[in-house]
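Take this structure first; my questions come after.
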Amino acid sequence: MKDRNHLSRVNVSHSATIIENGLIDIPMLQLLQADGTPHKDATLPDIDKETALKMYNTMQYVRVLDERMIAAQRQGRISFYLACTGEEASTVGSAAALQDVDMIMSQYREQGTLAYRGYTTEQFMNQMFSNEKEPNKGRQMPIHYGAKELNFMTISSPLGTQIPQASGYAYGQKMAGQEAITICYFGEGAASEGDFHAGLNMAAVLNCPVIFFCRNNGYAISTPAEEQFAGDGIASRGLGYGIKTIRVDGNDIMAVYAATQQARKIALAENCPVLIEAMTYRLAAHSTSDDPTGYRSKDEEEKWREKDPIRRFASWLQQQGWLDEAADQAHVEQTRQEVLTELKRVEKVPVCVIDEIIEDVYDTPPWHLQEQLRELKAHISK
Amino acid sequence: MAKMNLLQAINNALITAMTDDERVMVFGEDVGHFGGVFRATSNLQEKFGRGRCFNTPLTEQGIIGFANGLASQGSVPVAEIQFGDYIFPAFDQIVNETAKWRYRSGGQFSCGTLTIRTPYGGGIAGGHYHSQSPEAYFAHTPGLKIVIPRNPYQAKGLLLASIRDDNPVLFMEPKRLYRASVGEVPEEDYELPLGKAEVVSEGSDITLLAWGAQMEIIEKAAEMAQNDGISCEIIDLRSILPWDVETVCASVMKTGRLLINHEAPLTGGFASEVAATVQERCFLHLESPITRVCGLDTPYPLAHEKEYMPDHLKTYEAIKRCVNF
Amino acid sequence: TSAGAAVRQGKALASPAVRRLAREHNINIADVAGSGKKGRVMKADIEAFVKGGANTTKQAAS
Amino acid sequence: MAKMNLLQAINNALITAMTDDERVMVFGEDVGHFGGVFRATSNLQEKFGRGRCFNTPLTEQGIIGFANGLASQGSVPVAEIQFGDYIFPAFDQIVNETAKWRYRSGGQFSCGTLTIRTPYGGGIAGGHYHSQSPEAYFAHTPGLKIVIPRNPYQAKGLLLASIRDDNPVLFMEPKRLYRASVGEVPEEDYELPLGKAEVVSEGSDITLLAWGAQMEIIEKAAEMAQNDGISCEIIDLRSILPWDVETVCASVMKTGRLLINHEAPLTGGFASEVAATVQERCFLHLESPITRVCGLDTPYPLAHEKEYMPDHLKTYEAIKRCVNF
Amino acid sequence: MKDRNHLSRVNVSHSATIIENGLIDIPMLQLLQADGTPHKDATLPDIDKETALKMYNTMQYVRVLDERMIAAQRQGRISFYLACTGEEASTVGSAAALQDVDMIMSQYREQGTLAYRGYTTEQFMNQMFSNEKEPNKGRQMPIHYGAKELNFMTISSPLGTQIPQASGYAYGQKMAGQEAITICYFGEGAASEGDFHAGLNMAAVLNCPVIFFCRNNGYAISTPAEEQFAGDGIASRGLGYGIKTIRVDGNDIMAVYAATQQARKIALAENCPVLIEAMTYRLAAHSTSDDPTGYRSKDEEEKWREKDPIRRFASWLQQQGWLDEAADQAHVEQTRQEVLTELKRVEKVPVCVIDEIIEDVYDTPPWHLQEQLRELKAHISK
């Protein structure tokens, strides 16, 4: 047995050093200025026009989807919705830096990743109308997407649970010899859960190729970040786990793209986790059940509206001559129409047959569930 | 007296408790300036200050761990878990710590002052993470009390009693009734007894037992049965732990029949405890098998919520089966 | 019938409340022939048994 | 065949499973080079490498969260929780995640390959944090299977079946028997069925039902009863969820009497589910009330462990009460 | 509503900065050298002879107690024991820096704090023999001490649970206006539990006057620290929570004393938590159920035996002329005798009457417990 020395890296001092906030600076990577012009000393990631436009269009797409679905919820057509307005760059930018083989485990505000992967309007609608065409069979509330063929793990409401799960998934990918990683999204609120601690620590110790992507959007429902933690954001925790950490401007899609590309490279090459903290703002209400006027000012929202990630990227694209404003407007309008059309079509699709109520509890329904279904059907037929 | 809905009655109870005893503190996710996602803690922070009503970070295990320590210190914490479905990260703190604190210390320390409030139950299109009724998960835990009110009047009186009872209480609020249930509530301070079921209406042919939001369901079913000439005795269990075996058994001795209704899945639900106990204690009085009308043994579904629910129709059919057994 | 006896396998088929009635009358419920489904002993069977009549005994029924 | 104790049988099952399927991975606190505090995972790291058998940090919620993710990826995790008493921090991951994974995704994803092993039960002077029998806490959870072996032969066959069953299984090991129970175990690969109870010996006067370490207890009590001329049918439930209603009810239809024994506290224990179901299904056959011989409704004590235990004497007395009812 | 800005403290950079291990140095406070001589540039805390000797004697006392009780366990007289050999300085040194009003919430290896508070040999024995004289009424395994009059919270086996509890306790002390803090002890293993994360974060956000005292002794049963975490010990996590943090040589009682004094002062003055990481080594087996030869070398143990905290402090005391070696030896021998005598006396004390089995589940036993007791007594009397 080799000797172990858990003090091998520790230096001695003879007067007390108090380690505290402010001791280290965790800067935020920003490549594009507010007007879309790159910072002078910034090196932009290599990106082709096609990818850039796909990223842009996906952001626009989810913005439109959010608007339409909030309206649909107000009209009572769906029961619930949760928008990502203001945070489109974080999720779309990171998704664009991944490969399709990578598993996405998300919290719930990451429709941008899903749209980028190719989830169609019809699929979105099927999920939100809980109908029989939805692979999750209408068993979960709206926004709990899941798409095996897109390597997008079905969303689960309890917060933080996906964090240690992502470590385990990534460990499995590594053991199976796959050239793939797992990315795990969560909010700065969810990062207070015990599962966050467990997941990050395990990933570090067990060398799991996983990207922990924290959307620090300033709020967890009504709770502001300052009542959520007292440290320097979530990034400052990376050090405590021995996890390489990058903080990025979540409203700058180029910065998010670059940081995630780099994180993926590190995770794969070194078989280790990387933590990204994207600084952004939840411009939307928490969900359609929420009214933010109860806990924050319009003024504060307004300041952030000016940092709109879509506008910033549009400006850059225009500077490249890749985006024509009129065509863009037309495209957005077309998307709106398409969403509306699908919505109208899909809301007529029926829900699953009642037999599905007992499926997927186990691999096959045990006798007692079969009996319960028989009784239920007999009752319904009365 | 004032007309209040269930949320207002709870808010009113909290104000009463906090005014009466400055050791009472109310906290949980979003309960501070926002007043909770259901607004049960509205205005408390304004009235009693940030020290006594505050937001916590988003960690249920932390909330209850913190509350346990605070209770053992002598304060009177009323901790909110935003949804009953999210109480499970705190399961260890509740089952291994809260419940065993007094016993393991020989009574030197306890969490007797702790009350945990949480909304539970379905019927709100919430799917399996906003609809669960987890009472039975806790009912296997000596040291805890579990209390569930059925309406605003009950809610205020039982919550005040829970806060003041010298035992940790899990107080589960039927969220389907939060705004739907409205009734007269005394503005003054009052308590209703813990551990006591209430015979809501007397009858002779069968005893119907439920708690919380399902009380409406069995009452509706009883009305339907009444039209068939079946006389139902209706009991609100109110306390799940310790539960009022005496009242329930006295009723079953009289009626000879028992039906228990709960929303949680059948297997391992609290109805099983009731049935097991009653069949033992009232054996020779039973005219028909004790019947459980409960949720299916599946996660709480969304699209088929209506079918899943042990509603008045299923209950009515079961009453007839019992009586005609 | 012999079929009923087979189903009962020597033990009575009866609700506990009926068993109580049998106890109150100090009779062995296994001796009572059931008129109900599969030979289930009903309250009326006990009452009839108490009133007497050899043809209400189990032996007579089988 | 080889003589093995229960721990060796488990170790042997793990070796068999890991040899057979390289996706099988075994992990938990101290399970790596040390081989687990009870040594159930001895030599696995040596044999199969650190990648497939490893220590985790000390976090039960993390272990199960990690295992859930790993299972959903297609690997076959066998996660150890060092003591059943310490499974509660993982309660959320098990009850809200593991169990609902397949359902919520419409079968797209599942944790079907997951097995959670944990030692449970008392009789080892462990007090309330090394003695609990938490099966009932989990038995209210559709989507889980719960399996408990009574001896080395059963342990190997049931564990292999659990690992290979395409549903998440909580495999609870009676730690009192780890070294105490010794028996012949085939060296080759075999499986015993999940969801099936076993009639261990036939009888006509009363059915005795138990699982795990309590099987010894009811067998001993049955022997004592035998001397009084009472013939007991003895059933090992083996699977707590889903449980074998058919076998148990068939037995009770025959004997007319049922006694259930478990170590966990009475209230809300799994015996209540069995009693509730059996009284409903075997109603007209019941000669006496279904009787539960269980732990007291207190935390598991230390100094009075012996008195707390539902032992053969309490069981024997209860058998007599049933038969002479 | 005032505007909030969760980015107010964040600087921007235009190229990615990766935050990782090694970025900051967390030195370990050490005042005494291995031979007991103070480091030249070290300032020792003010300490009088009486306090110093009380600290020293308490260390010796628990060393003796541990030896005796391990022997008693081997002889089958008690069922279980858990020694703190090698770690006496961490617990005794920190306890000495507290006031009696401060609440101690410990893990299980902190008998030094209890002995320092005045828990008697008789009390130790009562607990370990689970007898009727023990305030915990023999309900818990040996070593699960609890003493209300000493402000020592009854120990609970599940690891980490006391951490958020300590935050809550301290919050209550603050709200009650007490000039008191809570100290919470735990191992580096327990620091992996989700409760650690919750407890530290809540203490920081809710301004709780609590000292989190981590004994990093290199092992959690068989699991070495390197398989427990990948960061720089536990201290590096303090930064992530915005908690003032001190790392200290856990085998140097003067350093532990100084650090804890300072921590207490900060906690009270600023109403905030302080994290202390004491670097030490578990010379003992994990417990009497454990055999460390299965996972570590004698050689490694030997290296640490040379850093014996008791010897180091003895040397310093001798240098002060406060300790006489012969008298010390005699005192140790006397302690041994005293422990043995108490052991023999106390092992004859009976356990509680059976009626106690249902007490303290609730404030008063409900009817169903009374019934269960009646049945139990009827059964026993047969």
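Residue numbering begins at 1 within each chain, and the chains themselves are lettered A, B, C, D and E in the order written.
Everything that follows uses one rule, which is that a contact is a pair of C-beta atoms (placed from the backbone, for glycine too) under 8 Å apart; a residue touches a chain by one contact, two chains touch by 3 or more.
Keep in mind it's a predicted model, so treat the numbers as computed, not measured.
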item: Those chains which touch chain C and also touch chain B; value: D
item: Pair joined by the larger number of C-beta contacts - A-B, A-D; value: A-D
item: Cα-centroid distance, chain A relative to chain E, in whole angstrom; value: 41
item: Distance from the mean Cα position of chain E to that of chain C, given in whole angstrom; value: 71
item: Rounded Å distance between chain B and chain D, as computed from the means of their C-alpha atoms; value: 30
item: Multi-partner residues of chain A (each touching 2 or more other chains); value: 137, 139-140, 144, 156, 158, 192-195, 197-198, 201, 205, 227-229, 295, 361, 368-369
item: Set of chain B residues in contact with two or more other chains; value: 54, 57, 59, 61-62, 85, 88-89, 92, 96, 100, 103-104, 128-129, 142-143, 267, 283, 286, 288, 296-299
item: Touching two or more other chains - residue numbers and ranges from chain C; value: 15-16, 19
item: All pairs of touching chains, each written as two labels joined by a dash; value: A-B, A-D, A-E, B-C, B-D, B-E, C-D, D-E
item: Contacting residues of chain B [partner chain D, same complex]; value: 61, 85, 88-89, 91-92, 95-96, 99-100, 103-104, 128-129, 136-137, 139-143, 241, 264-265, 267-273, 275-277, 279-281, 283, 286, 288-292, 296-299
item: Touching residues on chain B, where the partner in the complex is chain A; value: 29-30, 32-35, 37, 54-55, 57-62, 85-86, 88-89, 125-130, 266-267, 296-299, 301-304, 307-308, 313-314, 317
item: Chain B-facing residues of chain E, complex; value: 103, 105, 134-137, 139-140, 144, 146-148, 153-154, 156, 158, 161-173, 175-176, 182, 194-195, 197-199, 201-202, 205-206, 359-363, 366-369
item: Complex contacts: residues of chain E adjacent to chain A; value: 1-7, 9-21, 23-31, 39-43, 192-198, 201, 204-205, 216, 218, 224-233, 235-249, 258-259, 262, 279, 295-297, 299-300, 303
item: Chain A partner contacts - residues on chain D that touch it in the complex; value: 23, 25, 51-52, 54, 56-57, 59, 61-62, 64-75, 77, 89, 92-93, 96-97, 100-110, 112, 142-143, 145, 166-167, 195, 242, 245-246
